[in-house]
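Right, one structure below, let's go through it.
Should a chain be cited, it is by its letter among A, B, C and D, assigned in written order, with residues numbered from 1 in that chain.
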């Protein structure tokens, strides 16, 4: 079974989604358990793949036993093995977390929620693993369609927000498809490695440029880079808590990975940075994205909405880092995919706990939150420290790599934007700490003798994922050197 | 044979343009519906003619049948819509 | 003239796609937005199909001769005789995906309508703010 | 490819597209859009893409139109709001123009229409055309690539249909017991549908009753004969679903739900994808890669590895047809009754 692991990572969630739908007709409560088991299994197989990649080298798995350009291939290298593991772990944690929240928010739609949840993760896993440009489109659409359905489930304002997301998401996917079409008309192939070989043996024509441009615009729309970000805040704010916990860490990061993948395994360094020379424009865009995201986040009163704008800023980090064009910048961008995934997850989980207990996530309802929910706030603080970039959390290390990359490339604007963004994050989170710790509970007197009376924590199924994520943030931070030398550097070596 | 088929196909297409004028002008939706149905029928013929030109008629007949069936269903649905929604011009149907 | 005939399909592709894109971004009625989305997608499908067309080629179903035991007789098959199957398969997928997206969009439209009593985006945004 | 047909129908298509976007009445817009899809189908046929033509005729033009009509039935067909955001429209027009010019500039770099020697027509597709018969015994290259060479794609394509159904169903479905007491969750209860009178239209009922069995027979032929002629799981499945939709339209929802109840719909939709994925998983256990049909000759009677591929493709197509049939039907029921499953178009 070990050599089948790459396929099993994707096939297990797919089949379990079908079983969840069928069994959910009769036993709605079982679907939660099935989802957890599914992602536990997927995580194990993802770990097996990662181990094999580190020891043996990149894996290629062909479906239907057809050789690579004719059939569909899964190409697993160091970076995407790591990202797949991250996706599985995030899905596993959110699956545990969602138990109470879903019963409260969605009622009788539980099996459908879990079935869509599992299929969404299937799509994301497939996007990360696949080595076929068109297969990526199909999986992109699966993850997009499931996310539309999941986001709209909470009702109310979510409908119109999701409708906008549907329109923007379709434009993004169609642009990607158009780009693939231009590649196909130039090379006649769909396999990424094959396209890369054919492209580098020809001269790069104008149509290749257009193909690259459209693939990039498609992915930027999907990941909400600044001028194309308008769909994201509304869609994530009005969604059910568990949905936004799942989508916020994964959806945009996977799009960033697709961008990295396209840059590294379809086009090459020489073409992107020496022939096209767009890096200054795109780093400038990233700077604008970081600044705009930070400023817009400062204006928000609702915590969930504030975080969605921070995601927009973080996208700027990764896009900018990838387009700096040097090893440190690229390492920072790749490492930040992992770090930011867990960071965002941690913060969203904490906010979900608060919403579950307090009812909403506006700043004014944070008064006395530290006495009321101390464990949740510990998790929140670790996430916040990571977001600001305080060692030993992993947020510090990714920022470190990005800043040194910006210094090497002498992209001073990007460097300054990173520092400003850290400052803004610090202001944002210390504002919450100020309100939550130093301002008393709104209704009652601060009771120093019996602090436990006011304690009202979220259920254990919500706290355990939160604390695990917080632990992972520190753990990843401590093992940064290993992750970078064994997983990210081998990936970058082929590209630079 | 082939020039004749070409001619027939082009004739159908030009007829289609004539019918299409009705679809553009059509004061009521029912005019549009009818003219579009006529276009649909002509399309079936065109597909069969294309089959003859490719000299693989057996393959194209399947499409023509499927096309006709689905055209029928679309027409029935639209007719049903107007049965429930008794007005033909859009502005007077506001209250229903 | 020669140029127009040789590239007619691609020119139409660009016009259709841009029409659809404009409709998606600028039109305000939700159903029309979805129709524009479908038009945009057909533009891309036309692009793929046009790239797979071959002059003088037949449809991609191979004319197979069989012997009396219904075993196919081996024959050499020339690539030039049959239209490109690959682009057609990709577009089969794209059509199905397009209808799935359309269906989901229509379901959302119905929900938006029952929530805000309007299909007009600007009107809805005005009532929200 | 047929040049004259192509050029004239493409011009008509352009007209249709413009018309569909600028008619004020939504119903007219939808009808013109139906014509757009049907004409598109002629263009596919003229370009030699008959499987695409078949899919467009069934999925795009047929079922797509039905979905649009049922949505307009459940909502409204008029635009009351008169104000237009001219500035926004002009800005979007400028954006679109820039993209359009960018694309038009590439046109001259592309190979000419119908150029058989272009890279897209020689590299991968040549391999499929030349080897399909030898490697799979399937003359319809589209079917063999769809279900075997790129079968993994098609599995997810079926999944997309499944996702669309589950998504639409969970978005729209309102339980009757819930709508009575819980007006807080959704204000949909007061949605005013047009007054629904049961008109017994004998002609439509009789015509549909006569047609449905033939349609289903034809659909089964399309599914089973997909190896030799255009068609396959998707097209056959849609025609099967359309026959059920026809019954639901010409009779009423009670009749429709007596054929397939809600629970059965969900069960069968999942079952279809499960058949597809299940065939892939069986290949695991027989020692092959996922979806490697050739190992199935160990359990299929009297077949070699090549015929095993051909037979497995049929099994896969059946799974696809099942999912597509039931989900198209389910989507129609959800959309036309606004999720209440009591009465509709």
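Note that in this section contacts are C-beta pairs under 8 Å (C-beta built on N, C-alpha and C of every residue); 3 or more make two chains touch, one makes a residue touch a chain.
What you are looking at is a predicted structure, and each value in this text was computed from that prediction instead of being measured.
By number of C-beta pairs in contact, chains C-D lead all other pairings. For the pair chain A and chain B, the distance between mean C-alpha positions equals 47 Å. In whole angstrom, the spacing between the mean C-alpha positions of chain B and chain D is 20. Each chain gets one centre point, the mean of its Cα atoms, and the points for chain A and chain D are 31 Å apart. Taken residue by residue, chain B touches two or more other chains at 54, 59, whereas all remaining positions touch fewer. Touching two or more other chains at once are residues 26, 48, 50, 63, 72, 80, 103, 110-111, 118, 120-122, 124-125, 128, 150, 153, 157, 160, 163-164, 167-168, 171, 186, 229-230 of chain D.
The set of chain A residues touching two or more other chains comprises 134, 138, 141, 145, 148-149, 152, 155, 184-185, 190.
Working note: touching chain pairs come out as A-C, A-D, B-C, B-D, C-D. For chain A in complex with chain C, the residues that touch the partner chain are 134, 138, 141, 145, 148-149, 152, 155-157, 159-160, 162-163, 166-167, 170-171, 174, 177-178, 181, 184-185, 190.
Residue ranges of chain C in contact with chain A, taken from their complex: 17, 21, 24, 30, 33, 37, 40-41, 44, 47-48, 51, 86-87, 90, 93-94, 97, 100-101, 104-105, 108-109, 111-112, 115-116, 121, 124-125, 128. Of all residues in chain C, those touching chain D in their complex are 5-12, 14-23, 25-29, 31-32, 34-36, 38-39, 42, 45-46, 49-64, 72, 74, 77, 79-80, 82-89, 91-93, 95-104, 106-111, 113-115, 118-120, 122-123. Within the complex, the chain D residues that touch chain C are 1, 3, 6-7, 10-11, 13-14, 17-18, 20-21, 26, 29-30, 33, 36-37, 40, 43-44, 47-52, 55-56, 59-60, 63-64, 67-68, 71-72, 74-76, 79-81, 83-85, 88-89, 92-93, 95-97, 99-100, 103-104, 107-108, 110-116, 118, 120-122, 124-126, 128-130, 132-134, 137, 139-142, 145-146, 150, 153-154, 157, 160-161, 163-164, 167-168, 171-172, 186-188, 191, 228-230, 234, 331, 334-335, 338-339. By the touch criterion stated above, chain D contacts chain A in their complex at residues 102-103, 105-106, 109-111, 118-125, 127-128, 148-153, 155-157, 159-160, 162-164, 166-171, 173, 175, 178, 185-186, 263, 266-267, 269-271, 273-274, 277, 280-281, 284, 288-294.
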